[in-house]
């Protein structure tokens, strides 16, 4: 028989005024298993705690029930008390007789009776408690950043500055991401490259940051503090250590068929190329689909012209396996494919462009050298129509488009409109919009400047159709304010296409068992309180992979994610929550239902030899990684055989409480 | 069809595809068929006819550890759902089974023949829609559809949802019946009427566990009702509560996974319509979370281990009315 | 239903640790009263509530069982209450199908800030159970007094 | 001999039930089981085979044996009174009547079972002869004459009339008030039935070799594996069997104490006779073998050659996968041995 001690707290008069604490203590004395029961004015005081400690020692208690305030107040206190007297802290249960009894009842008799029931329930539970010890795991002091855009770069810099090693894996040949493609940034109109490239350089030169570009994540295993990632470094066919980035090969390359992805395919580049002038690493890469050497086995001009001897047609892809303590997802976004919205004639005319294409058309390093020219005939457009919310804010039942607001379009369109009006005052700019959304510092002022000072023609209403009529684009829309149809013969139409998570996000989410929403944005651990963490421990979120946001928000989130990562990496070891799920291998059917409801991916399966009365041999059984499990218990109810149970809130513990309460 | 099937099995065994087959074998009477694992030498005992009602899929679980190569398994269209579900739950290794989808035109329930007052049965002749039963006391002719197994009246169709090959023709014997008809009828009763309906049925339960043990979804290594540590273990229902408890929990544990194969009701020695419990869950799931058929294909995620943010609240049970 | 004057219902409230248990604490610190017949059992998350616990409560003499958890979307563990919601809907549907009054079981979402809602919910639920009277359909006489 | 028109049966039962409890076959939602008569009950004497046997009248599936009551830290013990009231058990077929003899050997020998004995003492048994045996009947192999069953009263149904004859004082008294009858219709029916019994497929099973002398031979047969292959391990056969008498004694914690009760157990269950170390029959083959070895070998070798089977055919009809004792007898009976 166990030896339980019961300690009834008066909490001054907070409890004692409506609960006869002495009666409770007396009644508990005659409960089976209770060897000691007493009451005291303030159990949480030092004297009160000493009372508990002494009783644990004197009566060799193996269970303690404190009838007091909410466990949310002092459970931790009393657990420490028990520990200091040599009793496992998880052998303590609290009966909440203040918040859930004395404070809500006025009648002494009623309060006392209820307190007794609650005390009995706690006694019943503690009898089924088992000593628990939190597991500890070491932390690998290195972080992995997936994605080398501004979000990834900023997180990496912040983590690296704190003294931890960081690897950035970037799938394209250079870091920089979408921000590198932008011309100017709102609302300050400073040059995007001017503020981004120094950060790229800093990342490249930082002693703690290691760039792994032109590489993809293959597999991730492990758990918080102890991830192992397999990274595939694709073959560039250019030796990174030798290439000086002189660019001679890119000029000499006879193939000119490859579309320049950096310029959104608006022009072409050589088969050997450097994505853009400030690319980091500033190393060429060979596009084997267009390279004559790879296609015909001939050519090799680049190799002949490379004085550094960096061209290596024999280069093989490489697999790196590294260990990390934390992983930051910064996979970013892409604009959706506008061809689904062919009412705007995107596929029918080169002069219907997306906003990101317009960025390139206006950028000095772009295909037109920064002069705004129509892609079809190279003429200056005189009438430009911007169409907002292309693919954003679509209804749930719509066949195409996203339900969400892409958040950045209103502002960049205002920026585009303003820049065009500034540079080409003779060009008329019309913007069709549903709403203009400008929450943000200096955002609304910026938008109003566009509309009021620069004379941008904002039309509330949507465009029904864009049709190609000769050299013109006939735009047919409605003005909801004047309630009339609007017809504009435009030279250029710009679509503010929605942004969506990068298509690689889904497979990365699966690899990391990090949950995603139906739009493939990563879900945060808590929408308000833990916005930069994934529910999966050790996985952090930076930038648009979590939801649409602009550059300052991205940078802020990147820094927040970094601080969380630093907090994790600075720990010597991770102390787990001992109240975790556990699978009884004799009972487990290996049916995989528990795995499906685990929000953390803490459950895996292994084939294991078991010897039980019902089954002898090798069977598939669930294994809970205690470092990942957070103890919600979703798995325990999914398990039909009750093989899965939760320590600290076990089936038997809860059943005993039920029994005691209903007695 | 039996001969065609046997020849095909023999040919597959000759080719070395497998050396055993999970099939039915002839018993003492023409109607008495017994699930069996037969080797090539024992193939002569195999039978496939209108009395092969039992769902064989669950037997594969215990064969799994013994199989080195593959086993042949005869699977009727309705049984194929159970097989898929068991593959989904990793209880059966697809690679170890060569599935022969066997044609089925509905199976006969000898208990239904007996219930028509026919006793001393010695033989049956099938003639299309009619069957002639020979007995110690003379012959009786019955409509075949009147003596089909309960599950055949709600046939899920003639498609095999999993098969490496099929032998023989199948027929959908449901005749457009609504399998939720009785569930709806019960739902329309008053709570007291429902309570009394289920009391009359469940009070017959003898806790033989046949429903559980035959159920392909009840494949737990150890059932909670057999496990002394669960707090619900018992060997017989001591009272009404325990009768209810067993059947509520059994149905709940298979909810979302039950393919509605009907074996529970087929085997109940007391004729309790246990499938009506499972069908309630299926009907609610279909209505609230979208139509779902367990076992339609392997690898499905069933609705009770899934969710949407817009799911209805549990109060819908009360709001839907007629709940007291 | 014959109503014993002395009869007091037994009501079990399962509350998730993060929202509803805290909501109950807030009801307490705000001195918002609800009947003493309601006794709370703390569970980590609403998804920890096994239907077996509910049936056990009825067997042992409970007259009503209520589950309180974080509002959908606010679960401390992200998704727990979504699963709980489906499970309880299914279970309650079955209980009702067996003829057991669906008002004896309830799910309410109560956040840590909703002390008042917690008290109101418990008052209302207790009132409902008083009106329904003693649980007879799901009782186990062995567990009742004598 | 006495007689009673079946149309007057209800009237007679109603009168009898005023002084004694009557247990007889009653139909409830399509199934016929022995149950307590109440006016209006759907009595179904003609049913050849009730789902469960008549043994429940003496050995119910669940019965309370004693209670422990706890108050604080003390425990008191309460005994459960024996059932000491007379009752009438009507409609018992020859096979089930024979099963009482087998149950008596178990429950009335040492250790004596007072719960069973009390009910046995207070029962008046009215048996009912069979006139339409079916293909699953094989009681004649076990010395049962289904046309002339024993009991305190034997009855026959011929053309809508119930004929009864008393075999004991208790029996005579029960039917004393009924109208006298001649026994010709009964004799005619018996002759006709005996002809059918001869023609039944299992009329002559070979039970040779099922005795203590061939125990190891039968036990070690390799045929058990095939015989039990399809066995689901459910308890249907044992629970519908009139002679299965195994039970488990269990304690139920009521929260205020403990109720100690017994309930039927099945040797087909994996937790049958479960002990601290586990079970000594870990696979279904062993459990299946146990059941039939007990009925056909162990029991007769300890009980003067009496088999623990009465040939009622319930297991043949009810086994979900069509396994049964006849298949076992045919596989292992006579000189049919292994190999």
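Letters are used for the chains, namely A, B, C and D, taken in the order the chains are written, and counting of residues starts over at 1 for each.
The criterion applied here is as follows: a residue touches a chain if its C-beta (ideal position, glycine included) is under 8 Å from a C-beta of that chain, and two chains touch if they have at least 3 such contacts.
The structure displayed is predicted, hence computed values, not measured ones.
Asks: Write down the chain pair with more C-beta contact pairs when C-D is set against B-D.
Replies: B-D
Asks: Roughly how far is chain C from chain D, centre to centre by C-alpha average, rounded to an integer in Å?
Replies: 46
Asks: Express in whole angstrom the distance between the two chain centres, defined as the mean CA positions of chain B and chain D.
Replies: Here the centre of chain D sits 30 Å away from the centre of chain B.
Asks: If you average the CA atoms of chain A and of chain C, how many Å lie between those two points?
Replies: 35
Asks: Which chain C residues sit where two or more other chains touch them?
Replies: 51-52, 56, 60-61, 73, 79, 83, 87, 142-143
Asks: For chain A, give me the residues that contact two or more of the other chains.
Replies: In chain A, 597, 614, 638, 651, 655, 659, 662-663 touch at least two other chains.
Asks: Multi-chain contacts only, two chains or more: what residues does chain B have there?
Replies: 222, 224, 230-231, 238, 304-306
Asks: Please categorise the chain-chain contact pattern as a line, ring, star, complete graph or other.
Replies: Complete.
Asks: Would you pull the chain A residues touching chain D in the complex into a rising list?
Replies: 30-32, 613-614, 659-660, 662-663
Asks: Contact residues on chain D for chain C in the complex?
Replies: Interface residues on chain D, with respect to chain C: 252, 254-256, 259.
Asks: Can you tell me which positions in chain B touch chain A when the two form their complex?
Replies: 65, 88-91, 219-224, 227, 229-231, 253-254, 301, 304-306
Asks: Spell out the part of chain B that touches chain D in their complex, as residue ranges.
Replies: Its residues touching chain D are 27-29, 32-37, 54, 59, 111, 115, 119-122, 136-137, 200-201, 203-204, 206-210, 212-214, 222, 226, 228, 234-238, 263, 266-267, 269-271.
Asks: Would you pull the chain D residues touching chain A in the complex into a rising list?
Replies: Answer in residue numbers: 70, 72-73, 253, 255-256, 270, 274, 278-279, 282.
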